[in-house]
Structures are given as C-alpha cells and as structure tokens.
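Multiple structures follow.
Across the two complexes that follow, chain A remains constant while its partner is chain B and subsequently chain C.
Moving on to the complex of A and B:
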C-alpha cells in the first residue's frame, strides 16, 4: 500500500460526493419542470456508487466511483391546475416526482460526507507530516 | 529485528526494487544490492528524483488546468498538488539528512 493511497481514496470520495451534490442540485432546480426532451415531467435522478478495486485487488485500497446516474421510476405527482398549459383534459398536471424536503436532507448528508472525506484526507496528510518530522 | 522503513521502500512512489527486501535502510546495504542486481544508491536516488520531477510537473499541469477552467475534477488537482508538496518535503528531509551526514564525515578528525 502506497503512501498516498489513503489520500487518493479520500479524493475519490470527494468526487463521488460532489457528483451526488450535482445531481441533488439538478433535482432541486427541476422540481417544477413539466417539459423534458424525453417528454413528460422531469424525473428525479439518483447516483449509484460502486467500489472500484485498487492496486491490491478487490478490497484493499478500493476507491469509490460513480457507476451510474439512474432515474427514479416512481409515478409523477399529479397536481390540479387547469390554467397550466400542460394540464390534461381533467385539469391535472404531471409534476416531477421530486420531494424538495427529501432533497434537502440528501444535501445535508452529502455535505457531511464531503466533510468526513476532507477530514480523513487532512488526517492522512498530518500523519505523513508527523512521519517526516522523525527525519528532522 | 530488521529495520523496515516501509515508507521508503514499500510505496509505489518510492518503489526501489533493486534494494527492496534487504530489510536494511535503502542505500546502507549498497554492497549487497550492487552484487545482486548491479544497481545501487545512485540509481535509487535518480529514480526518486525523476519521480519527484514527475509529480511536480503533474501538479503544475493540474493547477494550470484549474486556473484556465479546463479541470473537471478539483479534487484530483488538490490531490496532485498535495502529493507533490509532501513528496518534496520528504525529499528535502532526506536531502538534509544526507548533507548532515556528509558534513559529519568531513568534520572527522584524522
């Protein structure tokens, strides 16, 4: 295991959390979007994280990577709004299946996970610095 | 019990196959290493310096990418810069140790 493996792993965690943050931001921004290129309202997206084998095979030095960004398949929220141009014959509009409150909770989780990864990275750095101090 | 400076001989950054496994600090076991593989302290040093140079170049390139807005992954930039900084610190600590040793030898009374 190399010197900088732990820092590399932390960096991969930071990247993953940042991607999750991007996706959550997209979900929040599109919470009211009723038109998409694929047709219909915006569908909530979710990040799938996977373990990436490191230099030591399957478990040791394993980094995290974003494997896929998938759509939440749950049904769109039907809202009664006859004046909306996207309303159907009954006056209902298909709104995105985004729960703003749940997204905010996700946002907090991502922020804290990001902080945890930076702390791990800082600690690894400090440990290496302490090792160097032996030489001095 | 043999001294095992794992940070110096085990890490990929400081991979020194020609003296690894000797169980002694790199360079001290120069005679045996020279006998077995034909490479010694000078090669190890030049490997380490090449490695250091690489990481510095990498850090500079990544920083430039960040500054010009082409960097996609700021975490990788931070990692490269920290990597380069720590490696430079290690190199300078080793350098100080070596120059200290040389001046110690120079001061020897004969």
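Moving on to the complex of A and C:
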C-alpha cells in the first residue's frame, strides 16, 4: 500500500545517505594516511548512487541504492617534507588526494539529505496516524 | 441521497491521490543526490476537479486514475532535478492536505453515525 511504500523509499534514502557519511568520514580520517595495503597514499573514495524503480504498483516512485563506492583517480598531493620516512629522493611525500574542506561541505549536504528523508518518513507516519483516527 | 455521496467519494479518492503523491515525493527526496534523476510528481487535484465536472461525477471519480509526470525542467550540475527545499515544502503541504481530508472524512462519518443512531 502507498504509505508503506513511501516509508520504504525514505528508508532507502536514509541508508544511502548514511553510507555516504561513512565514506566521507573515512576520507576525513585518512586525510593524512601515507601508507595503505595497496601501497602509496590513501585515495579518496566516493559513493555512486543509482535510482532503483521499485514494485510500487503504478507509481514511478523510485528507491535509491548505493551502486558502487569508487576511488577518486586524481593525483596525490605532493608535499615537501624531507624528514618524513615516506619522502622520495627530492624530499616530497605523496599525500592523500583528500580536500578536507570539500569533505566537510559534503558532510553537511549528507546530513541535510538524511534529515529530509526522516522528515518524509515522519510525514508518512502522521498520515498513517490520521487514517487510523477515522476508525475511532 | 446515497449514504456515500459524491463528496464522500471525492474525499476518499483525494486521500488516495495524496498517499500516491507522498510516495512519489519521498522517492524524489531519497534520490536528491542521484546523478541524472528527474523529479516526478502527481497532479491528482486537477484530475479530481475534472471528474467532479463530469455528467456522472460519482462514476468519474471512482474511475479516475492519477497520472504521474516527470519534470526534467530544473536541473543542477549533476543532472539532478531535485531541490531539497521545494520538495520538503511540497511534502509537508501534501501531508497536511491528507490529514485535513482524513479529519473531514472522520467528521462526516460521525455525523452519519449520529443520524443512524449509532455510537462512536
């Protein structure tokens, strides 16, 4: 039924935004990581979202799903720090391609989107409550 | 007069329409960050307005289906057409409309029950 679908869709949005927040947190936490299992500095990750048409009868309404978590292929930031054990012969250290300010901005967007989805779910709940009131 | 008059049918159908719109708007919000997503909407009010003008409004109301539209108009840089603020306010409005429809329906039911002599 319509309103249950609506709550499922909002739940998919909540889960997608939480995943994006997890990845942004990982990027921020590793903003200075110069050693990874794959070798070289940490590379920033990004979440790719895709719409997923649900089985909602006649409606076009679509859920959202996390399609992939991809690595940002841009070049590492080279920082001059000869005393660093990971410095190359010229004294440069390959640092992660994470821009902390951009990550913080992403984090705000994700938080707002998460809130929008909780609001949508609250609305569906209020509508449900009102429907049940008819029966009283 | 039938027990379920035109207004009662219209109220029920409008609630259906609002529930469908809630689902579609929730989908828009969930996809607010999906690249290439085109926003959708349901215009159930104009469908019902037309049905009420028909020769047999009761039947027209019951047969009415609410078509969904896609709105590729406003698009941001990532090809996404969802504006969080517009969408949230549409969602709030739609939710309040649904709740007021439900209240009216409940009141009308109470009046009917009074007339029948039942208790509620």
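Definition applied: the second predicted complex is superposed on the first by the 128 of 136 C-alpha atoms of A that agree within 3 Å, B and C clash if a C-alpha of one lies under 4 Å from a C-alpha of the other, contacts with A are read in each partner's own complex, and residues count from 1 in each chain.
What we mean here is this: a contact is a pair of C-beta atoms (placed from the backbone, for glycine too) under 8 Å apart; a residue touches a chain by one contact, two chains touch by 3 or more.
Note that the structure is predicted; figures quoted are calculated from it, not measured.
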Quick check on the superposed pair: does A:18 touch chain B, chain C, both, or neither? Answer first, second, both or neither. first
Does chain B (first) or chain C (second) touch A:116, or do both, or does neither? second
Chain touching more of chain A, residue-wise (chain B, chain C): C
Figure out whether A:49 sits in contact with chain B (first) or chain C (second), or with both, or with neither. second
Name the contact category of A:131: first (chain B only), second (chain C only), both, or neither. both
Identify the residues of chain A that lie in both the chain B contact region and the chain C contact region. 1-3, 7, 12, 121, 131, 136
Touching residues (chain side chain C, partner chain A) in the complex: 15-16, 18-20, 22-27, 29-35, 37, 40, 42, 65, 68, 70, 84, 87-88, 91-92, 94-95, 98-99, 102-103, 105-106, 109, 120
Taking the complex as given, what residues does chain B use to touch chain A? 7, 10-14, 73, 75-76, 78-79, 82-83, 86, 89-90, 93-94, 96-97
Going by the contact rule at the top, pick out the chain A residues touching chain B in the complex. 1-4, 7-8, 11-12, 14-15, 18, 55, 121, 125, 128-129, 131-132, 135-136
Could you list, by residue number, the parts of chain A that touch chain C in their complex? 1-3, 5-7, 9-10, 12-13, 16-17, 20, 48-51, 56, 58-64, 109-110, 112-113, 116-117, 119-121, 123-124, 126-127, 130-131, 133-134, 136
